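Here subunit A shows up in two complexes: once beside subunit B, once beside subunit C.
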Partner chain A sequence: MAVMTPTTLPLGRTLSLQAVRVLLLLVFAFPIVFMFVSSFKPDAQIFADLTSWRAFVPVGDISLDNYRGVFDRVPAGRMLMNSIGVSTITVVLGIFVNSLAAFALSRMRWRGQRVILTGIIATLIVPFETFALPLVWWINKLPWLEMQGFRLVLTEGWLDTYQVQVLPFVANAFSIFLFYQYFSSIPRELDEAARVDGASWFGIYRRIVMPLSGPAVATVAILTFLPAWNSYLWPLMVVQSEEYRPVMVGIQYFFQLNVAWGQVMAYASMITVPVLALFLAFQRAFIGSIASAGVKG
Partner chain B sequence: MSHRPTSRSRRVAMTTALAAGLALTACSAESDGSGATTKDGVTTLSLWTHNGGNEAELAINERVVEEFNASHDDIKVEIESFPQDAYNDAVTAAAAADKLPCVLDIDAPNVPNWAWAGYLEPLGLSDDLFDGQLESTLGVVDDEIYSFGHYDVALNLVTRRSTLEKYDIRVPDMDQPWTAQEFDEALAKIKAGGEFTYPFDLGTAGGGEWIPYAYSPILQSFGGDLIDRDSYTTAEGVLNGPEALEWANWNTDLVEKGYVARKSGADSTLDFVNGKTAIVWSGSWAAVPVKEKYGDDALFLPPVDFGNGPKIGGGSWQWGLSSDCPAVEAAREYLEFSAKTEYYVDYATELSLIPATEEAAAQVPDFAPGGTFRDFYDYATEYAVLRPVTPAYPFISSTFQKAYADILSGGDPQEVLDKAVSDIDANIQQNGDYEF
Partner chain C sequence: MPDIKPDTMTETGRAPGVTSAPRGADHANARPGVAKAPRQRRHRGHTGEALLALAMTTPAVVLLLVFFVVPVALMFGLAFTNARLISPRPAEFTGTENFTMLFGDSLFWASLRNTAYFAVVVVPVQAGLALVLAMLVNAKVRGRNFFRTVYFIPVVTSMVVVSLLWRFIYEPDGLLNQLISTVSFGAWEGTDWLNNPSTAMPAIMIMSIWQAVGFHMVIWLAGLQTIPGDLYEAAALDGASGWRLFRNVTWPSLLQTRTFVLITITIAAFSLFTQISVMTQGGPLDSTTTVVFMAVRTGYEQHATGYAAAVSLVFFVIVLTISLVQRFLTRERA
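Let's look at the complex of A and B:
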């Protein structure tokens, strides 16, 4: 029996590969480093440093003035909390609703299943921008229940609310497809064994399929979180009060006739941190799922 | 395997439904008003402004509102600010949902389109209120005033006296602005000096409305225009005629000779104060930072006369009344209150914006005759050309933006301009000449 030994690459090839990796790292890291470093510099210095290595190093007149300026100019704390809340709820509801839909499509047998699946996948080709305006009109007619003091009040229209930023994005064709693909790879014998033991469909979903779908959940979480966090056009159209605005709309506050670039960089740094943290937390599962599902974000 | 509801769960569900039904029956159905609500005899108006993030101007907006609210028991105005780049989209979406505020500010060239689309209605205030206003600060459409502004801004050539002296270039004034040939020679001298990255900054990194605002006056100085202003139904002959072609070639020549960057830096004012460029085509908003940096050495010169006189764009942000407003008279009362001269003075004093009336200008040292920024007032009075006063303007603007980008990128100017004319004419035709 032959013994497997690790393949060793020639030194030159190894060095070349490492050089390419370092180069790629620099290409992707430089803009982020530039953003963070510039967030501590005054505007004039940002531009003066642009053509030298100093652009990537915190040297010169370094201070937190830009961050103070950000909080003076926009309700950044409120916007961050809004985005964290909206994105988190969208992710949680999205995972639940889309995985349930995918479960029904991949594990259960019912009439019209293929047609529904084809229809869901077909919606992927319709860009959101094409129906955004009709959607505004439509959601403005929808009813909602609101507590006003101790009274339950039926109101019309969802404009200027949190739910209008969440609910239209919970059901997502791509997430359903991703879960469907992943669920299809889980052996059906597990379902059958569970049913013999008296498990309901929901029990199978909750106790068997979902616990085995960690990578798919992580991928959907990230792919749902990113557009929710980056959402700009939709909140712009449906949110009129500052108290409901998310972070991406906030960045436009800085683009006045004389742009305060240091503040732009400070604000951009602040809203990038949560995304980076999320990616780092789910990195392993995310990459694993992408590799297995053959998709990219 | 199926689960049937037990009689207990059924009872619980029915009780819950009944309770919810009773609760709802006990409550009145309510809906948000559009732009104004009245409660206990107090009418609350909503007011939208594009000044989100613009602390200085927003502070004046808020001061006007606070003073109005303090002087009125029966009307209250609530201000909502949006960031400028997002503002038009927010208004368009609100109009689609019938949720426009009562009072809103509008970028001047959009007034005809918003009036035509039914977003706005005429102010309905006495014309006497606007006596002495700069023409560019009134939104007059179909012979009715739809909007008024407290201020305007003015394009100009920003440079330094020391730079012109060093290269032996004449300092132009309104009596004798630079000619095209003089300007070309000036740029050649500065270029030859090798001191600056580029002798001239046209602000080509700018996008959106900056493009027609900044470059259509130059086109007009060459003798072309964005549309035939006799009929407002075609751009044929004016946007693709020999004068327009000359203008397009002038732009490409500047790039080919290395006088301007094909795409300039993101912030032309900062590039200028950092010494990268010698002359900048910019607005009066750049005056304060430039003056801070260079003091008396800073010059804000009149535009070049390319044959048909110096021209600059006219019209900035103005206040209007939405057609959705259920409390029109209250909104008019607010607008009339806000048109006091003291507020014109505030905008000019605190923001260095050009006051919209001579009366206000006289009260602002910088803009009074002989003042540091008086030239801007004179440029706005003498050179301002309104962007085409037609509902077609947003389409004309976006078409011109694309054409300008194509020309700078090396597209054949005649082909690009012919295509722009064809698109504009087709749009106007498709919209029935945008008749009211």
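Let's look at the complex of A and C:
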């Protein structure tokens, strides 16, 4: 029997495997294609097209009416801005806070670093869902300083704010771990040389280690952005008003007040396109970051 | 880089004049020491370095304390109280009352059963399918990057969007039922998938696997690519092929990846919430309620924080036990 390495498979099997790949491609792509295509069609046509190939092609009565309908009914623009703001700030703060901690833990020598590192890594095994409810109770009691006019006022409770959507997700054990791993691969001789030239530790962090850590920054950015953009359980509980509502909670409320499927598909497409565009533009980084999560975890 | 022993570090750290030296002066002192071993320079900066390092870790540590350690501790504390989300009265200690109530609560047992059902099916099926996909796109064929990208698209699509989309697919007159009747020329008819207690959970399982399988495909793929090619060549020389090649070379080489895939899928499966919240709200007839869904219902919608903390604590113990057992089992085999 022939050796079955990938290159020496018989032609018949190669072809049937390729057929399987194409079939799976359709299974994964069609629901998404259907969503985009339907977002341009009136409801009657969505249902009429279901029985044929037309369901997956933008043909017939194509318009942006569904999109207009979404903006007429709810402040979708506001919710999009909320989600963009919350995810961006979470990513930026996350990169800074976690890389700083990882830098101190991996490159400097001090007492207690082992203990802190172990403590941080230990938090990895506890999923967020287990302590989400006690956390709701807890953030409802936390104080915050707020500007009211020209006076700083102490307020209690973080429900219906932006900080409640950002701060709990800034420090992340996994991000620290990824940075730690990456930093440890950068030669320490560079630090020594910089110290000789009079660089401070913060200077080494900012001008040597961080500029060399592009891939780690990209990985952490992606792994922070995706859950922030897609977050649902947490804002569902801590954000009531439309003013602070992010898109994922927004679309669920939207769905509940209206079952015009075309509009739901339009809303769904709007909040999927930004992530999908980012994914297609930075595919290699996306897939690489997930892969590195697996290999290192 | 020589390792510096902590005891020598403390000794030099205590040396007067160095401890109090500001950072700028420290650098100035370091300059003449260039010719000496790097070890020397490190010693001088020790106290300043330690303080600075502590300051650099502080933001992360404080945030983890406030948003991780405190709520986890609160979960243990509140589970034994009658705390309510919004209440003028302070919480009172009620002993194990929450747990007595919980173990007599049929909704809790239904939630536990449904969650276990979901996990028992989804964990092996999703892990297995992901491995099949990984092997399909790992072969050197045309367009494998394209296939990989498309298989991965659902992963970057939010579970809320996916759930709404599949709600439409599962509608009585939705995409799936139209497909079934078209393919069978009207001979078969689908059902109202999400409103039928026996099909609601399987429907959610299929959708969940569809959404997440690409994630684990990528992880298996990373594992597959770490297997050195000569291992396959050596095995092939010994006459191994096909299935035997997979069983004797591929599978044993994937031990670490396997542990990671199993643990992440299991934890995700036990945390099942979004799909339920968007698609069925636990129904029909409690056939899709889950542990996290129940915790949110009681703790958030009914404001019973103490009771929800008890549910969370049970959930926490289960997840922890399972991941420890999985880690132990996969380690034993190594």
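Assume the second predicted complex is superposed on the first by the 242 of 297 C-alpha atoms of A that agree within 3 Å, B and C clash if a C-alpha of one lies under 4 Å from a C-alpha of the other, contacts with A are read in each partner's own complex, and residues count from 1 in each chain.
One rule holds for everything that comes next: a contact is a pair of C-beta atoms (placed from the backbone, for glycine too) under 8 Å apart; a residue touches a chain by one contact, two chains touch by 3 or more.
This one's a predicted model, so the numbers in the text were calculated from it and none came from an experiment.
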Partner chain(s) touched by A:R195 [first = subunit B, second = subunit C, both, neither]: both
Touched partner set for A:V170, first subunit B, second subunit C, both or neither: second
Subunit B versus subunit C as contact partner of A:M237, first or second or both or neither: both
Touched partner set for A:W261, first subunit B, second subunit C, both or neither: both
Partner chain(s) touched by A:L133 [first = subunit B, second = subunit C, both, neither]: both
Contacts of A:F47 with subunit B and subunit C, given as first, second, both or neither: both
Partner chain in contact with A:Q252 - subunit B first, subunit C second, else both or neither: both
Subunit B versus subunit C as contact partner of A:T14, first or second or both or neither: second
Which superposed partner A:V153 touches (first subunit B, second subunit C, both, neither): first
Subunit B versus subunit C, judged by how many residues of subunit A each one touches: C
On subunit A, positions contacted by subunit B and by subunit C: 47, 133, 136-137, 140, 195, 198, 200-201, 233, 236-237, 252, 255, 261
Complex interface listing, subunit C residues touching subunit A: 1, 4, 6, 9-10, 23, 27, 30-31, 34, 38, 41-42, 46, 49-50, 52-54, 56-57, 59-61, 63-64, 66-68, 70-72, 74-75, 78, 83, 85-86, 133, 136-141, 147-162, 164-166, 168-169, 173-175, 178, 182, 210, 214-215, 218-219, 221-223, 226, 232, 236, 241-242, 245, 257, 260-261, 264, 267, 270-271, 273-274, 277-278, 292, 295-296, 299-300, 305, 308-309, 311-312, 315-316, 319-320, 323
Parts of subunit A lying in touch with subunit C, wherever the complex brings them together: 1-7, 14, 17-18, 20-21, 24-25, 27-29, 31-32, 34-35, 47, 50-51, 55, 97-98, 100-101, 103-105, 108-113, 116, 120, 123, 125-138, 140, 142, 167-171, 173, 176, 188, 192, 195-196, 198, 200-202, 205, 226, 229-230, 232-233, 236-237, 248, 251-252, 255, 261, 264-265, 268, 271-272, 275-276, 279-280, 283, 286-287, 290-295, 297
Contact set on subunit A toward subunit B in their complex: 43-44, 47-48, 72-74, 133, 136-137, 140, 145, 151-157, 159-160, 195, 198, 200-201, 233, 236-238, 240-242, 249-250, 252-259, 261
Touching residues (chain side subunit B, partner subunit A) in the complex: 1, 3, 20, 23-24, 26-32, 48, 52-55, 80-81, 83-86, 89-90, 92-94, 96-99, 265-267, 269-271, 273-274, 283, 285-286, 289
